[in-house]
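The letters A, B and C name the chains in turn, as written, and every chain counts its residues from 1.
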Amino acid sequence: MKISASRIWSCVKEVREKSPVVHNITNYVVMNNSANALLSIGASPVMAHAEEEVEEMVNIAGALVINIGTLSPHWIRAMFRAAYQAKKMHIPIVLDPVGAGATAYRTGTARELLEEVTPAIIRGNASEIMAIMKEDAKTKGVDSTTSSHTAVDMAHQINKTYGSVVCVSGETDYIIDGNDITKVMNGHPMMTRVTGMGCIATALCGAFAAVNHTFAEAAAQAMAVMGIAGEIAAADAQGPGSLQVRFYDVLYRLSADDIHNYLNVDG
Amino acid sequence: MKISASRIWSCVKEVREKSPVVHNITNYVVMNNSANALLSIGASPVMAHAEEEVEEMVNIAGALVINIGTLSPHWIRAMFRAAYQAKKMHIPIVLDPVGAGATAYRTGTARELLEEVTPAIIRGNASEIMAIMKEDAKTKGVDSTTSSHTAVDMAHQINKTYGSVVCVSGETDYIIDGNDITKVMNGHPMMTRVTGMGCIATALCGAFAAVNHTFAEAAAQAMAVMGIAGEIAAADAQGPGSLQVRFYDVLYRLSADDIHNYLNVDG
Amino acid sequence: MKISASRIWSCVKEVREKSPVVHNITNYVVMNNSANALLSIGASPVMAHAEEEVEEMVNIAGALVINIGTLSPHWIRAMFRAAYQAKKMHIPIVLDPVGAGATAYRTGTARELLEEVTPAIIRGNASEIMAIMKEDAKTKGVDSTTSSHTAVDMAHQINKTYGSVVCVSGETDYIIDGNDITKVMNGHPMMTRVTGMGCIATALCGAFAAVNHTFAEAAAQAMAVMGIAGEIAAADAQGPGSLQVRFYDVLYRLSADDIHNYLNVDG
């Protein structure tokens, strides 16, 4: 896959011009962050989780983002209803299996979604991606990592079995699609000390999936934009508080030069 | 209606001195922002949505704010219970019909609340206000706009039918009450890139309704304070992240001079 | 009880090194803040509230934080399931009775939790602590205060009856355990204008309880770290918006010198 600064820039401009609606069924912790990140990059976030309205809401969306970070039974039912409708309407689904591996409830829900609705893109950390396929992969909470190497193997297996583009995020992000592996090396360690940065990355995958026909490209663009904005924001941040504030500012002001100067990819 | 800098300032001082309790039944995305904005201006926010306690909670409130941004059936039941109790106790109700027009569930809930509990103030963008009265007004998500002109006509109709003060917010905010139209031209375009700014405006309507007997005045004051704080905050903001942080700071420090220097109203 | 800057610093370092998982079942308003504060100090926050998974999740935690700020029946059931499991596994429970006294639902839930699961630490403001024991203690919303003097008496009574360490927070925080009273005088008045600061204090109690065998010490450390970070953050903050951002930065960068220079305790 080709990933170039100019192609990313062209898609950032497209997000800003078209302002695609991204329908999020996401966890309570990050709803506000996700909405703000999507607004900052130029998309139109919608949050709606009631069974009574998700099918109607997803119809006006350019992408559906499902994040299992704070589950409960009626949310799961809404996720499936929205996802079946999205599938029917050919609206790309992005899945974030937050905390898969930490509890059977999360692992089971993530697996069921994967099998039933075939997301266009799955984005998770190494332990979450491992957990989706392996019974014995256990995560320590929601932000730990296991060897990326094994997770990348698992990502290939998921991609082969279900066809979803798989993004294993970490210090290096791996975007897997068939024999294609794209590595995104952008980002900053301080980002792990801000809650919801992974969830924001998934939300951005939704925004880029809405303006791309190649989902691997959309995922790589989202991860690159995420990492670049994080790096620029972290450069003069005093800590995770100011990093987060600057991150939205940088997304909003992101320029062709920023992408050109910071992009660090391989693939 | 008279709206002057000195009258607004006198009400800001009253909010700070009396610190009225504003009971919010609002959406997950903006709960934190709404609470912070209310605390910054000097009010006492309370968030409570359980059917088991909303009636008791609203009894200690100076205003009840109902925001339908993330609905589900038990939240709707709680909204009605709180609203009936507020009506009985003559506590002003402020309604934010977030996303009315986007799904039948939202439109229906907003209309039913309007008919059943007669809010003191309704605040929405043009498409939301249109949707409450018109079957065929469709919104693109929660932040789009249609012609303010038509929405203002609709606002007059709502006001005539139900008696609620209607605030159509946008680049210019229109506050409609009988033959009275107040236009507030304060604000900054970057505010639309921060999630929940409309919801915060509604929450501020609650704070000002708690210290005013004229709800049109309360709505105009809230919109003016909102817009002035947004303008000052945007003046040296690098983007939506820093705008939001500065916005709370400005609300907290808002002075008579700020209001006098920035106020831009007609009516 | 001995509380020294060097002992606090040693526990801050332990939190950063061990990064204990703190399982939060907390209210919607402050989930994001609580997660960010825990990440900033170096802990690993987990948010999970489904009955289906709380028992499994709490098993991987070093502490369980239960905050009743936005209750509903299925959340209460999950709180009890998580708490019973935590008790069985000897995982310390920290209880924040947000708004106890404001409604019978909150007061009743807080009392039932206190009686059934014996928290290691309870942290609340004066009116909340009063409400847990006294029928006639009424709070004005969630952030008002009554006389700390009476609340401290009540705290002793709670401690004697149930064995829980009780922290009455306010301008001075009182940590009560048997005949031991520790007073923490750190903090800044502007902190009361940021939503969730009390809830963050409770979450930090969880982080310190996970690395301490003496819960009174954990509570005192958490309140001291909270107050010191708040003071440093407030020093050059323009208002509650920038205070909150700086607060996370300060927690992240907190040094032995900061603690040594600012610590203001008695006991």
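Note that in this section a contact is a pair of C-beta atoms (placed from the backbone, for glycine too) under 8 Å apart; a residue touches a chain by one contact, two chains touch by 3 or more.
Keep in mind the model is a prediction, meaning the values are calculated, not measured.
To fit its Cα atoms onto subunit B, subunit A must turn through 120 degrees, a value rounded to the nearest 5. Comparing the residue numbers each copy contributes, subunit A and subunit C share less than half of them at their mutual interface. If each chain is reduced to the centroid of its CA atoms, subunit A and subunit C end up 32 Å from each other. Multi-chain contact residues of subunit B (touching two or more other chains) are listed as 28, 32, 244-245. Residues 27-30, 32-33, 69-73, 99, 102-106, 140-144, 192-196, 237-242, 244-245 of subunit C are the ones touching subunit B in the complex.
Residues 21, 28, 31-32, 35-36, 39-40, 44-50, 52-53, 56-57, 60, 74, 244-253 of subunit B touch subunit C in their complex.
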